[in-house]
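Handing you this structure, nothing more for now.
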């Protein structure tokens, strides 16, 4: 591709993610692979992937719509959720200090990490101090974001993912493609193949029935849970007022990790706070219905520091920045930090449904990923695949409608596009889009210029046969490769008006 | 880069907090509060606290324990494929427990479960063992027990949720996790309609470890198809005591 | 009422029959339609592609052209497009303000307050659901993303269509899903856009409708492009064209657009 259409060019990946097979993980879980249009075009060719995604997202959309529809005060809950998150951002330093104080007072230890490397270092050192070489993990976006498993592996520590979907992804050497269901891109038949190939204790006669596959995972992990001495989790919420942490889950793997081991290490983004205990009543209604489409998820665990005789007797909380303060300084980024990782926006996104999560080149895919990823990484320049993400949307608005904390994702995407355009104004040679948009601006900001321009569309009639145009040169070919164009009319509206109504200048 | 962790941690804490304060101060050092929705109640520092409007329902229309709520809870639990047993009053509970526990050989109970319930379980021919924080059973012992029998702290009708907060009739978290079947006795008076009502009850002792349970363990990780029974108890029985 | 018409840039150059039908319909209902000669475009394409600076003169031109509505020259402004109405309401003032022209932002917001999408104007302002139209065809409606979720017209188009004599309105499966147009998205992410379009076209064909209608010609240009390429034999028509059709002068059906 040599023609500049204003889209970022190919970015040399530090390590390409594999969509199948046992592959290398990307060095940076927030930016890998080619640009969105390139990755999307490739994903579209995978018919199995499109079937898997279409089936899964339509199922979850239906479930969500049903359980949200029965809540009479859903909009009021969304308003409250948004307001609480607004408060969290405005009072973040005080709330973090309050959380630290409460957790410490209840026997926990709080650590702070500026970036992924520092967080990984802290966790690795904490695990090493226990003398253990194996840890069990609860599904966590924060630890995906920092590449914790790979960092621990380098230190000789094996991290075992215990969430079923995360286990599937881990066994396949894959990357997650969805915030809630990381293996959403896999069909039951593919999962059966992965289990047969990668699990040593799986029966050869395993079928692809979901119940049988879940049972296989249960048996595979049972002994691991019972012997594990250290667990690592993320957190859905942390209550500053009480020091309470909450993990919302379905399978019970979270309960296993949060209850059985002697040491629990929780890695949490600094934005996942809520100020007061009462605030949980809002999010524990918004999250499950938005996320899994259930009235309530099967299990929610809450713990406050250490409870003598019940659960882990050592608790460490790692508070992670890793780009969040960069995002906080920016109004788009700050709005993106309101996200509670429900994934409703992915499930309703017509773009995500067609191309899947890997095309976004980040552990945060979909509409929220398209704003969060470039904010966390500070992506701007054309050399970064993250810079193509703001364009990965038709601005259809379905994401905003379902967002439980009312993040106006389409408006924020438009904002990010504007920044990219403005960032490119320093370029010596304008791109094709820049030229086209400047020309259109000149023509469209005056009726005197626009009227003849509109009239000139008539020239297109020369290309038309039977009222349609099947092929035009580049860049119009981007359209006509897959769709026809109508033959332009013989007469513009303005000319029709003059002819039938007279000029009668009203303006 | 081998720094002593203590120092590194302190540095990170200071630096992250500084970064946050700088981010909130904006480029001109002027506080840029929330998204403009927050009325500035104090000079120079917008307080977003007052902006959190709670127009959502904080209570339901039904009194805790009312028949409508029992019906709603039963309906929701059945949706999750939990098994619900309704019992008219305490005098019928022993007989009901004998029915529920028919064929069960071993059970574990928390330290202060109603002795009548424990007696009833024992009367059903179940070998009942007690687990207490001070005298805990081993993981292996809990792993081999068939059933755990507990009370609950509060139940939420609208969501079909039972909450345990490690109270004396609920015990350590591990006892409701390892056995494959959980039999939970809920009194009608513990059933509230909404999540906010439950949060209010639990807010009296928020630091206790809590487990919110809505049906048996489940997953939807394979093609978003729900499958009951993964790592937690694969069967949940709720005995609803109507009076 | 005296109603000023924004023909929209795409209506001006590519689909004049939508603004023409709007004029004919409103005149039939006894209203006076005015065409402010200074108009060109609302600026949506520039804004949505991130060219705020380039959008600003386009927005200024629009505000200047339609500002007389504030002095009572006209009672309202009508736009036969959900997305242009959305841009006027939700983007013009924002862009002006972002670029430091607060005065323009205020003026734009005031003009926006008097601006209505066609189905809004008919149902809310003129209080009409039955416009006396006649259209003896099987029709399905693509409700369009911006009509639904940006300006929230709700079921106004359906109510207007149900009142049309001899019109058979059939439900479109997954009606609320985007057709994949998205302005420059259709070029920048053409394969993804096309994948979405294929599903939309399949849904339309499954209804057996002769006509697919919408309140926005940009989506119809895209959908028609897919229908035409497949030779589907389904015609795209703007809502205004159907509502303007009468027994005396019935609208012709045929071709993709």
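Observations
We call the chains A, B and C, going by the order they appear; numbering starts again at 1 in every chain.
Quick note on the criterion: a contact is a pair of C-beta atoms (placed from the backbone, for glycine too) under 8 Å apart; a residue touches a chain by one contact, two chains touch by 3 or more.
Here the structure is a predicted model, which means the values were calculated and not measured.
Taken chain by chain, the contacts run in an open path, each chain touching the next and the two ends left apart. The most distant chain from chain C, with centres taken as the mean of CA atoms, is B. Centre-to-centre separation of chain A and chain B, using mean CA positions: 28 Å.
One inter-chain figure worth recording: chain A and chain C are separated by 32 Å, centre to centre, where each centre is the mean of the chain's CA atoms.
If you average the Cα atoms of chain B and of chain C, the two centres end up 50 Å apart. Only residues 5-7, 36-37, 40-41, 44, 50, 350-351, 354-355, 390-398, 400-401, 411, 414, 416-422, 433, 437-438, 440-441, 443-447, 449-450, 453-455, 457, 467-468, 470, 475, 478-479, 481-486, 488-489, 491-494, 496-497, 501, 503-507 of chain A touch chain C when the two sit together in their complex.
Within the complex formed with chain B, the chain A residues making contact are 52, 55-56, 59-60, 63, 72-73, 76-77, 79-80, 83-84, 86-87, 89-93, 96-97, 106, 111-114, 118, 122, 125, 162-165, 168, 181, 183-184, 186-188, 191, 210-211, 213-215, 217-218, 221-222, 225-226, 239, 242-244, 250-253, 255-256, 258-260, 270, 275, 277-282, 284-285, 288, 292, 294-305, 307-311, 319, 321, 325-326, 328-329, 331, 334-335. Only residues 5, 8-9, 12-13, 15-17, 19-24, 26, 32-35, 37-38, 46-49, 51-58, 76, 79-80, 133-134, 136, 139, 143, 156, 158-161, 166, 172-174, 177, 195-196, 198-200, 203, 206-225, 227, 229-233 of chain B touch chain A when the two sit together in their complex. The part of chain C that touches chain A in the complex is made up of residues 4, 7, 9, 11-17, 19-20, 23, 34-41, 43, 45-55, 57-58, 60-61, 65, 68, 73, 90-91, 98, 145-146, 148-150, 176-178, 180-197, 221-222, 224-226, 228-229, 255-257.
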